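Structure record follows, encoded as structure tokens.
Should a chain be cited, it is by its letter among A, B, C and D, assigned in written order, with residues numbered from 1 in that chain.
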Amino acid sequence: MSLASNSSPLISSETAKQHASRDSCWIIVHGSVYDVTDFLDEHPGGSQIILKYAGQDATEAYEPIHPPDAITTNLPKNKHLGPVDPDTIVAIAKEVTEEEKRRQALLAARPPLDEIINLHDFEVESELPCPSAKGWAYYSSASDDEITIRENRLAFQRVWFRPRVLRNVAKVDWSTTILGQKSSLPVYISATALGKLGHPDGELNLTRAAGKHGVIQMIATLASCSFDEIVDAGVPGQPFFVQLYVNRDREITKRYVQHAEKRGVKGLFITVDAPQLGRREKDMRLKLIGEESGAKVQEGQKDVPKDQGVARAISAFIDPSLCWDDIPWFLSITKIPIILKGISTAEDALLAYDSGVHGIVLSNHGGRQLDTARSGLEILIEVTDALKKRGATRQFDIFVDGGVRRASDVLKALALGAKAVGVGRAFLYAYCAYGQPGVEKAIQIFRDELEMNMRLLGVTTLDELRPEMVDARALNVHTGSIAEDNLFRGTYQPLSLAKFRDAKL
Amino acid sequence: MSLASNSSPLISSETAKQHASRDSCWIIVHGSVYDVTDFLDEHPGGSQIILKYAGQDATEAYEPIHPPDAITTNLPKNKHLGPVDPDTIVAIAKEVTEEEKRRQALLAARPPLDEIINLHDFEVESELPCPSAKGWAYYSSASDDEITIRENRLAFQRVWFRPRVLRNVAKVDWSTTILGQKSSLPVYISATALGKLGHPDGELNLTRAAGKHGVIQMIATLASCSFDEIVDAGVPGQPFFVQLYVNRDREITKRYVQHAEKRGVKGLFITVDAPQLGRREKDMRLKLIGEESGAKVQEGQKDVPKDQGVARAISAFIDPSLCWDDIPWFLSITKIPIILKGISTAEDALLAYDSGVHGIVLSNHGGRQLDTARSGLEILIEVTDALKKRGATRQFDIFVDGGVRRASDVLKALALGAKAVGVGRAFLYAYCAYGQPGVEKAIQIFRDELEMNMRLLGVTTLDELRPEMVDARALNVHTGSIAEDNLFRGTYQPLSLAKFRDAKL
Amino acid sequence: MSLASNSSPLISSETAKQHASRDSCWIIVHGSVYDVTDFLDEHPGGSQIILKYAGQDATEAYEPIHPPDAITTNLPKNKHLGPVDPDTIVAIAKEVTEEEKRRQALLAARPPLDEIINLHDFEVESELPCPSAKGWAYYSSASDDEITIRENRLAFQRVWFRPRVLRNVAKVDWSTTILGQKSSLPVYISATALGKLGHPDGELNLTRAAGKHGVIQMIATLASCSFDEIVDAGVPGQPFFVQLYVNRDREITKRYVQHAEKRGVKGLFITVDAPQLGRREKDMRLKLIGEESGAKVQEGQKDVPKDQGVARAISAFIDPSLCWDDIPWFLSITKIPIILKGISTAEDALLAYDSGVHGIVLSNHGGRQLDTARSGLEILIEVTDALKKRGATRQFDIFVDGGVRRASDVLKALALGAKAVGVGRAFLYAYCAYGQPGVEKAIQIFRDELEMNMRLLGVTTLDELRPEMVDARALNVHTGSIAEDNLFRGTYQPLSLAKFRDAKL
Amino acid sequence: MSLASNSSPLISSETAKQHASRDSCWIIVHGSVYDVTDFLDEHPGGSQIILKYAGQDATEAYEPIHPPDAITTNLPKNKHLGPVDPDTIVAIAKEVTEEEKRRQALLAARPPLDEIINLHDFEVESELPCPSAKGWAYYSSASDDEITIRENRLAFQRVWFRPRVLRNVAKVDWSTTILGQKSSLPVYISATALGKLGHPDGELNLTRAAGKHGVIQMIATLASCSFDEIVDAGVPGQPFFVQLYVNRDREITKRYVQHAEKRGVKGLFITVDAPQLGRREKDMRLKLIGEESGAKVQEGQKDVPKDQGVARAISAFIDPSLCWDDIPWFLSITKIPIILKGISTAEDALLAYDSGVHGIVLSNHGGRQLDTARSGLEILIEVTDALKKRGATRQFDIFVDGGVRRASDVLKALALGAKAVGVGRAFLYAYCAYGQPGVEKAIQIFRDELEMNMRLLGVTTLDELRPEMVDARALNVHTGSIAEDNLFRGTYQPLSLAKFRDAKL
């Protein structure tokens, strides 16, 4: 699948190799040769990483981090030098290391998919198949002391059920409508970035499973697969949402949104909690360790510091000046319902309501941005209170994400006023571990648990969920939790220090 | 003990072996041959498990899961083919494995019964003698993250005593009356299912110990021993309660209840918190691991998914449409006092009071149904408050079960308004570990602890227990507990993930 | 030191050996022979333990459990058969086992006393030198789940200081007056039983250190040394308190109290929280393991069950019928100030005030009686409130004991209204580990810490302590604690189950 | 660098060796010989430590504990005997031990500075390079059970953010003004003592980094480098604060303060929470173990007990009679703004306000003084409330220190009303581990985290921080915390008991 559509003559790989310096830097991606000399300083991830592949094939490094069309879109046509001559490529016999052999043996011994019975299982099984440790670190990391990512999970367990009995629950129905679209679950697949770090098919695993089971996928701005690839992989009429990081260049953003609208996207989720991507130490540590010292960056050259991790390397384009004043513009450029993703206070929920957008996601970005921010579930209570006090009447949907691993979590959020909940990492881990069938199994687990728990709660449809079905008094008590969540605990890997203490004298 | 009472000619085991397919399926149970071909699709546990024994003796698998008369009751007479010819049975010399030898050595080294000094001891000693790991998993498992099963225990430890001193406690009396029946303890033996999974005599261990010591046993619908076997094993005048899962076919339920009444049962405990049996992951994991892959189920054939565990395999008959409208019917078919087992809110306690039943059990089904449901002890406070506010005057008994391991737990529940408490698993573990003498020792431990703790509390009869003798302010604080319950902690086995992390690279 | 003061002829040890049955049972104690045949069934610890030594020298077993005069006091003169002939005693060459050698080596390697810097150190160092594991188990055990013993410690850490600064603290004075007696510390040595289980000099270690440093010792009813031995060991004018278990035979109690008064005792602490001694499982377990199966007790013979531990074996004489009605009698038989030890509620504190006694100890008996009883420190707040509301004006001292390990604990109790605090185990451990110098070091540690902490709190005398110097709002919050007390945690040995799980299959 | 400026003849080291007793005691420091015979009993650290070096070169032991001019200042001129004859010094070939070799190997394998990504990393990396275990114990120790030092950290994590979104945060500015001095961070370097125990350049590492990056250093009274050395190392115009332990001899204090004023110091921080330095058990244990038994101190000789640790050895000069009455005197002797360091209650904050000083530091001395004192952060809330109620109008700055490891901690304190926060240990650990570059990296980490977290909070300058941006309701809840701080936990070394339990039988 060559991306070079011109008919330039074939370029020998020997020729390419001669352009391996700052002064003339060619790289090969997907079989085409590109002159990126002038682009070096504009590369959001820094010039250093490109120079590492100067004169060589960079496809393997390029692919999981960029949509396929990133290079053709960003580089002027005259820098597309044409296809490389395949006959000149010297096959490199990759040696299989002992470690790789051991990894393959462990992979072969993994539990089959039908032994997976809860969403935590996916997380623990996803680490090994993840092609790169950096990728898994990128997925699983959160900011600073990772307190918020854990609070997200624990918050659900500070809400206790008050189940009703002796109601006829022979038939239970957990389907709903989200932003006007039918959904077989009160759960949507939330956006997560760089899906190919965990599986060669990346986000398409989600698309195919979602299409098959009537679930709505939110497409990430930073997906490894391109927006169109994902939409094209959908079944006819499959609804999509799209997540938006707003570009410093608003024209790029406008084109992206209007293209999404043209392709039929049903909800535009603008991320408002990430003017800058968070410091994620697991990610930062691996970045540091993985980096070969290689050729030193030259004195005075401005570059992304090498201790920033994947997250910050890919996010330089995000506009930190985005503010409430921009909302009317967004409402003017598209008819897609607009949802602000990342609201954390009642105050901002009211501003959002007043701004005319169609809804909000109470979220702390999966614990990846401001550490010791509160969980979406906790915020939900103050937000529904504030909206009630304001006398809010127009359609304004509230979503929650972060830490959801059980149908019971979903039911708690809905009882407290959420329309639906977003689940990101759990579906991501599902396909890292088992591809599309993993995602389908995850959906099946939600279905099984929803049926069970709705019956046990005494509700037959989601409409019957009421605040008095939960005791949420402990939710904003910021001290202690009761019984430990051992699955979560067995899954969570604590932050480590620079060096282990037992290496001491 | 042949259950076939007809005088059919003997059937050769060779002949039976020829009926080993979906088209003609015979099985041998307790020395009789049955044609179950037409019954395959009706079997609540699915056809697959029957087909595994097609043409063979299924007694060993049949026995712990079914009462002895289940097959004769459910199968039309003409499918009872008659006794198998014992001379045609080829004895299989079972090889004693190394693992079995080690198990026997460990069994021999177990502590004698008189070294057992608390109820936790029974739990830890019951695992090894349990004939099948599946059985112990079935008993000990609870739903989802097993938060509620642990909360049940911890809740008692959030209630602190306010003991009175300098009262003459030379004589203390812990006997009481439950639903009009004398009981030597303010504790009844609550229903637990499938008793033969843990001991060949199953529930009869309880019956015999209860009869000897003046304790009341509640007979489970899903007992391994039949209802009549249990009642027959009682001493003259021994009172019983019966627990009821309501069948989709109300006639079966009616027959069962009226038979119980005829046999003199003194309380009918209708389970209302289990329209469907919970997802219990320990049970599910073992079911998965234990299942030989065997002959694949055919395409399109409807069957119980193989990852459901014992609990769901045996509970397909339970009616999820049971509701408040059914209560008058129950009151009309029997004069036995009716108790609703599994109430979790003040709202439902008031509905129960208004419905005319005779009492309620505040229970979450031992943590086996809705996870993060509150403990019965916590619910007790809101229920007694609500009944007082309602001005409840007629006889209406409140029971509590779940997590009781100490006489002090019992006294706390009684001080807060319970009439008596139910103890299920602890007695079950007692007989798994030591048979009937184990149950007697458990009763003895309750007696010793009750005597001690009543003296230390400053009460000589249960009537003197008062709410002000406990400080229960922490009961509905859903965060943290103080000092750890190390016995409980040493006993409780945390949930495990699909595969242990240390098997990773 | 022969206790036989008559001039009977010497008895050969061979002769004694012939009286080794239920029908004729002689034992040798401290070189004298006694006929205990008729006493067997009256022995509070049961006949079994005596029969074990029938016809033999029982001194080693007798000594730590009984005051020296117990046998001569309880046995009629005519059963004192006279001195054993020392020439007939066959010396038994005790073999030094490998384990004993290892123990001696460890003892030799113990840290010297001047490396002991806090009271926890004594506890951890006392286990090894303790002559018998049973003894240490008796000392360290508490009741049921040992929740209260730990809560006693943790309660102090839920009280936080509000220290005042810039006060002239050049001179600080921590001396006080307790029941009219000068004390160099606001701490008295509380009664603990059976001191010789831990050190051959038993309670005399306390007496000598107390006399030297101006601290008041409370003599236990169940001391290993006799009351007179202890008082005789005091320096001239050394004040003592005495602790009283009230005997079923009030004449014995009267004699004991009036003898104490004659010997100048300054406070009578009547234990009111122990109508029966608690179930202490560590004690019970060791008792079971240590007991040789030996000769079986005969059928039908009434005896103390062998699983009761040391505590219950020695306490059969305590009167469970003791009640408020007895108080006037006590006030009538003695002029010693009477203090009720073991009050746990404001209600009983008011009853005590009204009864005319001189004070109370808020105590749960070191966690050894009713488990999940609250700590004395927590009770202190409700008691001082109740007395203030009652308008209490007469002299009525409130003491607290349980869990004190730091001078800061003492200061917290005094700030909240206690007159002084009792410390039992910590001093006991101090002499088990290091004899009298250990107790002196413990007193020294209190002095050092009091000086330091009073300065840091901004007080120069104990009178200046005020409730507003502590933040005790968390004291009755029965959930969670903040940072762990690692010393306490390192010292505390969790309860164990009957058999360790890792011995399982 | 000889400190002896007179022209005495050279003294042979052989001659010095002959003065090695209590009667005539000479020591060599920095190449000069001193007669300290008369000074032995006045030495704040006791005579014992000097006698250890009698007749020998004491420089290595002297240096990290004293400023270079301590000996020349304190000893009368006539005791300065003159320079030692260098030719008479016998070089001692130090043998490199196996342990030292292993230590060097570990040092070589330490992570390079650019792998350090948070302040905890410095702590864990500082232990190994610390030249003496005693030094690290001195730095890291806190008082008694070390509950307050940990609470200091955990308190920040009981405050949760309420971040605002959609504010233009393209430019963020975290600079501020502290006591009229520009500071590039809202953080100052708080005083810590004895810097050379951790690095040969001691506090100069801080001075140089502070000068380079516009941060203000507070100079400690007990610095290893002398006050003038530190000030001299600053860049032109570099602002300093100075911390003051008030001497029993007020003239010494007056000279020190007025000298500081002459040298341009901008803030005088008088320590008010240390009338006596705390009992720090880690410090005490190491002191005990490190001490060679050596020559016994003679009977009756008064000396500092050898179990007091470094802290108390060096602090005998501090005046415990310092009180509010002294404040006017301080205000009279200097024009430097005076800040009281170590206020712990609203009451004392109001007294400080009324006394006319310019500000206060809410501090518990890094957990090194009164254990179970509350954290400065918690106190902050009651102090700002009290000042508001008082109607405080004049300039009165509130600072907080203790437990700060993240920029988010700083922002929480500022949101709640602090002007700036002090950071002591973290900068100390930074230079122990990596010298001056370590301190610079620490400053850089604060900058990175401040930029990130201010953006995520939605503020562009520190002025925009508001109390409503945090949820601090859990701050004074003294029970439990939520998710663990694993870095902190991995770093913190629990107190140990005198001997490890596993050395037991």
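Following the convention adopted for this analysis, a residue touches a chain if its C-beta (ideal position, glycine included) is under 8 Å from a C-beta of that chain, and two chains touch if they have at least 3 such contacts.
The chain lineup, named per UniProt: A, B, C, D = L-lactate dehydrogenase (cytochrome).
None of these values were measured; they are calculated from a predicted model.
A.B. asks: Expressed in ° and rounded to a multiple of 5, what is the rotation angle of the C-alpha superposition of chain A on chain B?
C.D. replies: Here the rotation carrying chain A onto chain B measures out at 90 degrees.
A.B. asks: Since chain C and chain D are copies that touch, is their contact same (over half of the numbers shared) or different (under half)?
C.D. replies: Chain C and chain D contact each other through largely non-matching residue numbers.
A.B. asks: When the centre of a chain is set as the mean of its C-alpha atoms, what distance in Å lies between chain A and chain D?
C.D. replies: Distance between chain centres, rounded to whole Å: 45 Å.
A.B. asks: Taking the mean of the CA coordinates per chain, how far is chain A from chain C in Å?
C.D. replies: It comes to 63 Å between the two C-alpha centres.
A.B. asks: I need the residues of chain B touching at least two other chains; which ones are they?
C.D. replies: Residues 477, 479-481.
A.B. asks: What residues of chain B sit close enough to touch chain A in their complex?
C.D. replies: Residue positions touching the partner: 144-147, 150-151, 154, 272-273, 275-276, 278-279, 281, 284-285, 288-289, 306-307, 319-324, 326-327, 340, 342-345, 347-348, 351, 369-374, 476-481, 494-499, 501, 503-505.
A.B. asks: Under the stated contact criterion, what part of chain A meets chain B in this complex?
C.D. replies: Spelled out, the residues of chain A in touch with chain B are 99, 102-103, 106, 109-111, 114-118, 120-121, 124-125, 127-128, 157-170, 406, 408, 448-449, 451-453, 455-457, 471, 473-474, 477, 479-488, 490-491.
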